[in-house]
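So, here come the structures, one by one.
In what comes next, chain A is part of two complexes: it sits with chain B in the first one and with chain C in the second one.
Showing the complex of A and B:
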């Protein structure tokens, strides 16, 4: 046994990389081999309940603060949330505080339009704005004077000409703010510069690495729940999928009758995530045992 | 065989992904090329975006509204940020670089002023308020609140260095260490989860681009890269032996 652990400790790191790679690759190629159940986390439930509590015609501000590198984690949340909002007839306002934000927002909207689930119209049911540099300064401006920085929408149409912009002057005119966050500026800046001072409900979907920093805001109620990384995205996708399926049978006026509802991408990725974690935990245990025996041998 | 801009984009995406992943084998020319391209493209993209989405409409749109139609009226006060912006560029001229201190001083002062209030409000006052135990809640919630309170106090005691960590203070600070360790462990776990998520995203794209629709981009580039890396590695070993 001791010999085994000593040998394990000398394995070339490239073999470990290969095994981790295979543990991710195989469940992605053969998703049917392993289907693990998804348990809904309390924080995801709070997000879902907060969005479910919104009424038809309410205004929700979405902030896209992620890019290509964090797309696998955050993008499924964005798509699921947009579906949830449009199914409830909520008006969506999209701003981007990261350079790649408008591209991500456009991809998410394109996916929603391509799904043919809703009859939504640009400038009437949703509006997108260009990227603004400045991070927290932009958030502060959105908080105080939205029209001071946003004069035109993504299509260069003056906002005065857009029906959806009626009555929108500051963050207080929104019923809810949702932030898709992968760094700075992110949910902390939205809490500090806009939603705490103006008392507007805020929630966030963020990358796994940001979760431990955001949790204190969740515990204190400054964030209404949180979608934590890919598991959070998968849980929310599942809840939205169940909601849409149910609403379709209830003849929801915002959902097209002939539309087909599909499960999101994060859901199918969770098996790969779980297997990779399992392999990693095994290697951490083996590595520690190997270190222990090597130290014992002196 | 289909060839259009989308396919070229897919091939470039696969090539760059595999070039970056090749670093797992070791530092190599493929990785270096991808790294340099990434830095250059990112800088260029952000520069162009900042110029056309921010400086052009927000600054020149207010100074020359008849020329730059961004929906703004003429505001002469925007000459000040223009001058400060030009001063910032003087950092490139050593004899005039001192002028750059003015915009930097403005940015630092303004950012600090803005941050002080919001940080004290959201991260200190509201967090202290919510660390208090709410006895009107259920049993488990009260237990969680007590746990948070103990964690906050013990972790703060650990960072209190004006008294030697002995006796009661030593015990509390030790409890604080355990809380901090749990926090670091959770952070590490979440970080690993995030990295695996990114790997899943890249692998998913590589799998999608393996099909005939994309002219078998992934297998062709992967095999070519393995062969070229093998040759490079062989020649590298040979030249090292000769030296």
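Showing the complex of A and C:
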């Protein structure tokens, strides 16, 4: 036993890499081998309830602040949230504070359009804006004078010509703001410069690593819940999937009858993350037992 | 010299005072400046700063290759990537869309490069973290002292609590973890190994019997559910720690801003 733990203590890191690789790869290739029940986190439930509380025709501002590196974690929640909003007949306004934001937003919208779930029209049901440089200053400008910085939409159409822009002048004209965040500027800047001073409800979806920074805002109520990393995305996807399935049977006018509702990507990735976390915990335990025996041996 | 130093300090101080006074004086012209004009200026300057950043990066890597500094071979790839994206962004677009709009066009070479080269590479780089975190946690998460043990336990609980597998861990496993933790603390007080082992075993048995009697196998109390423990760690100790850091940062920003506005902080001038 002692010998075993001594060997474990000197294990080559490439073996750890290989085992972690396999523990991620196998559940990704064969997700059906391990289907685990998803428990809904309290913060995810708050986000879902906040969005569910919005009414048909309400205006929601979405801010895309993530890029290629964080796409696997944040993108699934963006797609799930868009589905939830369109199913409720809510008007969506998309801005980007990261250079890659517009492409991420376009990829998310392309996915929604390709799913054929909703009969949505650009400029009528949703609108996208280009990237604006300046980070938190752009948020400050959106807060005070939206039309001062956004003169035209993503397709270069002047906003005065777009029906969806009627009555939109500042952040106060939105019923809800949602921020997809993977760094700075992110949800903290939205709290500080726009939503808290103007008393507009705000929620956020961010990478797991950012949750610790954002959680004080959640606890104080400045953020209405939070979608925390891939688990948060998977939980939200599950709730939206159940909602859409239910609404389809209730003949929701915004959902196409013949469309097929699918679970999102984060949902299928949770098995891989579960196994990877479990393997890491096992390694930590083995490492500590080995450390104990080594210390005992002196 | 005057332009580089004194004038820069005068501009810095006057702009600092102007921006600050906008929050305290109800003077419409001043408010117009701080709320609208100054942020617009910032956005324009930030746009130029991004351009300067690109030029600087290019210069840095060209110098590295020219002087064959350490790891100069990697700089060739950076320069190649730079060049390719410049060509697809400014010279060759592959679609009929106007310049600028082609960046968002599905058929453009730029979009293709982003979607099929940069995007997978970016995700791969981030995914590599999983391997490094696994290797690092295996070597670094050691029960060296009380603080390290606390960090280890909370780390493990967060890792398990955030994923579905945490929810299926039964209550008796968590109870065993609690008892083990308590006995790890009092282990040094009990000299006789036999007594220690018997009391550890009997405490576990009592816990199991008690749990079964209280029907914890049907509805486990929150303190025996790993996802609930994880939620508590995030809501209480993690929030307290984050708030302390945030208050510290805010005080630091306040002090630094005061130094800048009063002209005491000159590091931004290159000192």
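Here is the rule we go by: the second predicted complex is superposed on the first by the 298 of 298 C-alpha atoms of A that agree within 3 Å, B and C clash if a C-alpha of one lies under 4 Å from a C-alpha of the other, contacts with A are read in each partner's own complex, and residues count from 1 in each chain.
Keep this in mind: contacts are C-beta pairs under 8 Å (C-beta built on N, C-alpha and C of every residue); 3 or more make two chains touch, one makes a residue touch a chain.
All values reported here derive from a predicted model rather than from experimental measurement.
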In the superposed arrangement, does A:291 touch chain B (first), chain C (second), both or neither?
second
Just checking: does A:152 make contact with chain B only, chain C only, both, or neither of them? Give me first, second, both or neither.
first
Thinking of the overlay built on chain A, is A:36 touched by chain B (first), by chain C (second), by both, or by neither?
second
Which of the two partners, first being chain B and second being chain C, lies in contact with A:278: first, second, both, or neither?
second
After superposition on the shared chain, which partner residues are touched by A:191: those of chain B (first), chain C (second), both, or neither?
first
Between chain B (first) and chain C (second), which does A:52 come into contact with in this model arrangement: first, second, both, or neither?
neither
On the A-aligned overlay, A:141 touches which partner chain: chain B = first, chain C = second, or both, or neither?
second
Considering only the touch criterion stated at the top, classify A:106 as touching first (chain B), second (chain C), both, or neither.
second
Starting from the residues of chain A touching chain B, keep only those that also touch chain C in the other complex, and list them.
17, 20-21, 24, 69-72, 132-134, 137, 140, 149, 208, 211-212, 216, 219, 228-229, 231, 273, 276-277, 280
List of chain A residues in touch with chain C within their complex:
13, 16-17, 20-21, 24, 36-39, 41-42, 67-72, 102-103, 106-107, 132-135, 137-138, 140-141, 144-145, 148-149, 154, 156, 208, 211-213, 215-216, 219, 228-229, 231, 270-271, 273-281, 283-284, 286-288, 291-292
Under the stated contact criterion, what part of chain C meets chain A in this complex?
35-36, 39-40, 42-43, 46-47, 50, 101, 104, 111, 114-115, 118-119, 121-123, 125-127, 130-131, 133-135, 137-139, 141-143, 152, 155-156, 159-160, 162-168, 227, 231, 234-235, 238-239, 241-243, 246
Flag every residue of chain B that touches chain A in the complex, lowest number first.
24-25, 45-46, 49-50, 53-54, 57-58, 70-72, 111, 114-115, 118-119, 121-123, 126-127, 129-130, 148, 183, 186-187, 190-194, 196-204, 207
Can you tell me which positions in chain A touch chain B when the two form their complex?
14, 17, 20-21, 24-25, 28-29, 69-73, 99, 130-134, 136-137, 140, 149, 151-152, 158-159, 191-193, 196-197, 207-212, 216-217, 219-222, 228-231, 265, 269, 272-273, 276-277, 280
